[in-house]
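What follows is a group of structures, each given as structure tokens.
What follows is subunit A paired twice: with subunit B in the first complex and subunit C in the second.
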Partner chain A sequence: MSAAGSAPRLYWPAQRQRNRGVKGLLTVVAAFLALYAYLFPGLISVSGVAKFSQSWLPLVLVSMAQAILMLAGGVSLAIGAMVSLGAVIAATTMAGPLGVAGGAALVMVAGLVTGAACGIVVVRLGLPAIVVTLAASFIVGGAALLILPRPGGAIPAWLSDSLAGETPVAALLVILAVVLWKLYLATPLGLSLYAAGENSVAAYRAGVPVDSARIAAYAVSGLLSTCAGLFVAAQTGSGDPVIGEAFTLNSIAAAVLGGVGFLGGRGAMRGAVAGSLLLSVMINVMYFLGFPPVAHYIAQGLIIVGAVALPEFTARRSSP
Partner chain B sequence: MKSSLSAVSAICLGLFALIGTASEAAAAAKCMKGDRKPPFTIGWADIYSVPTWMKETQGTIEKEVDELKKQGLVSKLVVTDARGDANTQIQQIQSMIDSNVDAIILIAGSSSAPGRVIADACAKGIAVINFDSLVDTDQVTAKINTDSEQWGASAAKFLIDAIGGKGKILVLNGPAGISVSDDRRKGAEPVLKANPNVTILAETNTAYNVAPAQEAVTNLLFAHPEIDGILSLGGALSAGAVLAFDKQGRKQVPITGENARQFLELWKAKSLKSWATMQPNWLGAFATYAAVQALTGKDVPAFVKIPLPIIDNSNIDQYLAKAKDFPADGYIYSPYDQKLFDELLAQK
Partner chain C sequence: MTPAPTLAARGVSKSFFGNPVLRDVSIALHPGRIHALLGENGAGKSTLINILSGALLPDEGVVEIDGRSFRGLNPRDAHRAGVAVVQQELGLTSQLSIAENIGLGALPRRYGLIDYRCLARRARAAMDLVGLDEDLATPVGDLPLGRRQMVEIAKALFREPRVLILDEPTSSLSAHEVETLTSLLDRLCAKNVAILYISHRLNEIMRVCQHVTVLKDGVVTADRSIEGVEAADLVRLMVGRDTGHLFPAWTPTTDRDPIVSVSGLSAGVLRNIDISIRRGEVLGVGGLVGQGQEDLLLSLYGALPASARTAEFNGRAKLPSSVRKANALGLAYVPADRKREGLHLIHNIGWNLMLPSFARAFGLSLRDRTKERALASALADRFTIKGDLTRQVQALSGGNQQKVALAKWTPAEPQVLLLNDPTRGVDVETKREIYALLRRLAGEGKAIVLSSSDTPELVHLCDRVAVMREGRIVATIEREALSEEAIVAASMGADLMRTAA
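And now, the complex of A and B:
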């Protein structure tokens, strides 16, 4: 009885603690969403939410894929290649005999296996994640080009229309991804993630399955990346072997913007999600403000620095 | 009697009117609903604004927009830059649809990816003109391009003639997985196949830039002491190859290329035996013009094929004479005017 009573008492302070780091970012994101809705009132409609969440969803998934690795003390330069791989597998299988279910299963297995393979090499052989995943990006990117040498393939139209049509399915998928993440954190592997990332030696001595937690993080990261690829394929109705390239850097940018540290165990997934939302909404706000492209570059840089610096300023003010 | 006569004439008039509207409907360009009135807002969805070719192309678009503004046909040009990311380009095209521009002109970052968002724009009566890098979908008002396969085939023909039908060659391609680079190579293939005495020593895939091409060719020069010709399928690639030969002190060989100023100047300076064609930058201006033509109710063909001009030793001086008007790392394109655009639109 007392155990059940103490859990919620611990839960909310812990949540507040995690929110503290992202408060500044959340403010900026909210301001930008409000500005976007002001500039483009059509946003506040079913199809407006649908279209925006479709642009945003792949970035959320890859940002989560990157953040889970950074929380575990790793990083991946293969995210973009994994997105391409997911996209080409979906575009070459779903319209064929395997069907949508078979194709989706293949996409997920490819993500889990490739991710886990990277994880095993990094964790068991003790090699630097940045080198292993850079190599993996070449291998996976090459595999994507072998599967589909040039843009093409097909996704059944009904799948494209249901995932990326006029209904906000993509927004529901974002919520689903966040819920699944919460559930993952409740599993033993998820619970070990932060510990393994922050201080793996201490975690190991405390009996935390450090290696399994880190390999699992790589596998989940791979799964999220190829699923992002599947969604991109559905959204575009086809496959493109180099469609994912930009996601590698954008996923790192979103995670770092969200306060997820490079050294492991620091930050929270909500930060990465908010970071990806800011990167995505910024593109649309810049457009509606009518800035020329060169101003986009500068403004985006300033906003990113501002969003990262804001919590620092407020923290200093409140604790003189 | 009188009334029946007038009834007949009324029917006739009605029929004429019907035929009139029917033929007008047939003449209107694809995607057009006839509900958009000038002055128009043009959206230019650039895939990547940094390369010099793109800057020159945007220059021709801006010049054309200024011209059309004077005629009261265009009010505003909206420009986006996707920085090479096809996903960002889709998002920006969606924003253009949301802000209800009248026309979207684009160079596609992927031949497949923007298909659905473009079809959306077309369905909303926005004139969509796609040039240079084309999309696979036919839900556009018009596509404008040179023939990339013909590009590759003509280049291969020139090179094989230049080396006397036999010898060892290098093939320099643009990036892998990009339709333009793939199509040029595809066009060269049957010509190469038909000449079994021509051996391909190696092929490269690099970005359309001088430095990576120079590096790739330099590496190949160490491996291959005997090279008789270079089939380069991009202008900057050719400049890189010529520089690589020069730096290594190797004798220059016949090479194909494009109207890149640097390549044309090296061609002249090193007295090369060369051949070049061009992807004219004024495709941008022409796309803008075609969009406004479609919006004002004129017919625009679904595909406008732009003839590939040939530059060889006989006319290279004409191009070099204009060199100083173009950036040092830019492309010397042929002149254009409205008359040329009208002729291109009239061809069937």
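And now, the complex of A and C:
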């Protein structure tokens, strides 16, 4: 490509380049979506999109939460507990005097603060992320149980209806999340994530704000997780202090499926988003094909191993 | 000289773990001058660069920028003052585009977001300077090593530095790229940028630079204009250490039929290597750090996939394809990084000593603890390993650890010992013991391959020294011709007769 005119083009070409690694995955996702639409023609309707995006939204949010940390060279085992925390805060505050706006603000602040606290411990004390977030999963999970020892609380009905009703608000929220991520990555702090994740020493020497980039990543990750919790609470109409547990491993699964590496700086957010989409679609497709409801666990495991092994094999064959 | 130096270090000293690396070093970089920094492996060049760029703090002495002295200089201060460093090991982010990499750490912004238009324009300008014509959006991971090096240089230029420090910038560049870089340096020089140029290519330094500082063992041995200096003088200033009575007296062995001979060996970075190892000799492998010495040892040891035109190992006509096969052929390897590759630090001394014997034992056969104890303590006695055998290896000093790493192979009676820098980080007394041991083993008819970054060791201990450079053996120096000068000159590809133009 030649530099047309005075200002050479950079932003969109750079974005396109980042698509290359996920092309295969996008093809597979498209195929699964087509199969799903074939098995269940009702998908292509306003309420079909609404229902599907509602089942997808929590997973896409936690997958993004996980992918941010993995890009920055970390990982979180506390995602599930954070989702639970978000759910119980929403269920105990929104019907009370704080109202929906106050409750939502509290959910977000809790996510940002808890996430940033994890980040500060990991970055400033130099402790391994996997250990710190394992500890955080117990602390945050315990806090959720203290706030709401057993399932209960309430979400105002109008909120449940508007988020998880017949209108595709969830689909719009997915788009909003992706747009906000693009904006974040267009800031120096966001772009520094990649440099901090791949080679933090070199990035530091180049004047990149490595520490703040990583702490910010933990805070954003916490925010996304508790927001996912808020949505789950709205879906069910109440809070459950252990509802988030499955999300920890599923978020890692989606990110890995999307080509985000454990060593930091490898992969792209769009991969994690596509990975979470594949997992969601696969569950539905298998249901419509008549598999028993839990068979998707086995399929999910096989797909993850396949997705990680495939690039490995192709790389080995192409290298002399 | 009238103007103050842009960047200077005055009386700088630095030691790591009580080991002095720089002693009272001063250097002054003046605007519009290309200043060369020369020194052998471990002379302290990298430490000096890190101090000048604020990545390390000196124990004593100060760094001055424009005559103003800084006590606690950090990388940000240095950047702000216009100091840019092109590091030897590349620090680029492979997923990001060339332009984003060039701008990282100094990204232009508008309304809090990265100003991609401005970034594109300025990155293009920096790329044009170094002759990079790739698309701005190309991910750096797609580029070959030499081009990445150019991106690293463009990244430094993007900040419009007043001081440019280049740490071996040409190590992975093609001749054409070196040409581009040289003319670029001349242009920067004309714009009054102060340049510090570190390279191991003497000829290049003589052509490009105007001033030279030579470091030897952390001390400045020369600080002068390069005019009229001969390459041989520079080599002499870099080498020559007082070796005392470290080395045993020995006579060359007469029994010299080859036990290993390989031709056309290629593996890792190795290209078409011919080598033969004779019984009863110590064959040195020298050269600058990372020229393929480790790959050579590993490929002989079956630990690296390798191919060879012809190979003969102890009468068997094939390269060993695995470590077990190499062991069966009588080869043993002692790695340079004993903490990671050579020993199991949290296990005790006895267990470490017995490990190769476990590997040779048959499948599920039971261990004979009494015999093991007897063997382990015999080994400890023979190698004078101090300490209780039930202590963890990590509690030992570096020298004693190295002795464990060596001793554990002797029960297998290896015929060929491959040693990768066995005296790195080892105290003088242990060095003396190891040297004596190596000569004794050679005297018993064993073949020893000694890869070392310590040139005196190669000169005083080896029957022959093969010097490596960029994956090839560029010279094999026989005992009669061995000298530090000869090894250093061969490893730098210097023509000793050349004088600065």
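The criterion applied here is as follows: the second predicted complex is superposed on the first by the 282 of 320 C-alpha atoms of A that agree within 3 Å, B and C clash if a C-alpha of one lies under 4 Å from a C-alpha of the other, contacts with A are read in each partner's own complex, and residues count from 1 in each chain.
Convention: a contact is a pair of C-beta atoms (placed from the backbone, for glycine too) under 8 Å apart; a residue touches a chain by one contact, two chains touch by 3 or more.
These numbers were taken from a predicted model, which means no experiment stands behind them.
When both complexes are superposed on subunit A, subunit B and subunit C end up sitting side by side without clashing. In the overlay built on the shared chain, the residue A:Tyr38 is in contact with neither subunit B nor subunit C. When the shared chain is aligned, subunit C comes close enough to touch A:Ser192, but subunit B does not.
When both complexes are overlaid on chain A, the residue A:Phe313 reaches neither subunit B nor subunit C.
Once chain A of one complex is fitted onto chain A of the other, the partner contacts of A:Arg266 are limited to subunit C, with no touch recorded for subunit B. In the superposed model, A:Leu183 lies in contact with subunit C only, and not with subunit B. In the superposition on chain A, A:Arg18 makes contact with subunit C only, not with subunit B.
In the superposed model, A:Phe138 makes contact with neither subunit B nor subunit C. Chain centres taken from Cα atoms put the angle at subunit A, between subunit B and subunit C, at 130 degrees to the nearest 10.
Judged by the touch definition given at the top, the superposed model places A:Trp158 against neither subunit B nor subunit C.
Between subunit B and subunit C in the chain A overlay, the least Cα distance found is 29 Å.
The contact surfaces that subunit B and subunit C form on subunit A in the two complexes do not overlap at any residue. On the side of subunit A, the complex with subunit C involves touching residues 1, 3, 6-11, 13-14, 16-18, 183, 186-188, 191-192, 194-195, 198-199, 201-208, 265-268. Every residue of subunit B that touches subunit A in the complex is listed here, in rising order: 46, 49, 78-81, 83-88, 90-92, 94-96, 98-99, 110-116, 136, 175-179, 182.
For subunit C in complex with subunit A, the residues that touch the partner chain are 53, 55, 75-76, 79, 85, 87, 89-97, 99-100, 104-107, 109, 112-114, 116-117, 119-121, 123-124, 135-139, 155.
Across the interface of their complex, subunit B is touched by residues 40, 42, 48, 51, 55, 58, 145, 149-153, 160, 164, 232, 235-243, 245-247, 280, 283-284, 287-288, 290, 292-293, 296 of subunit A.
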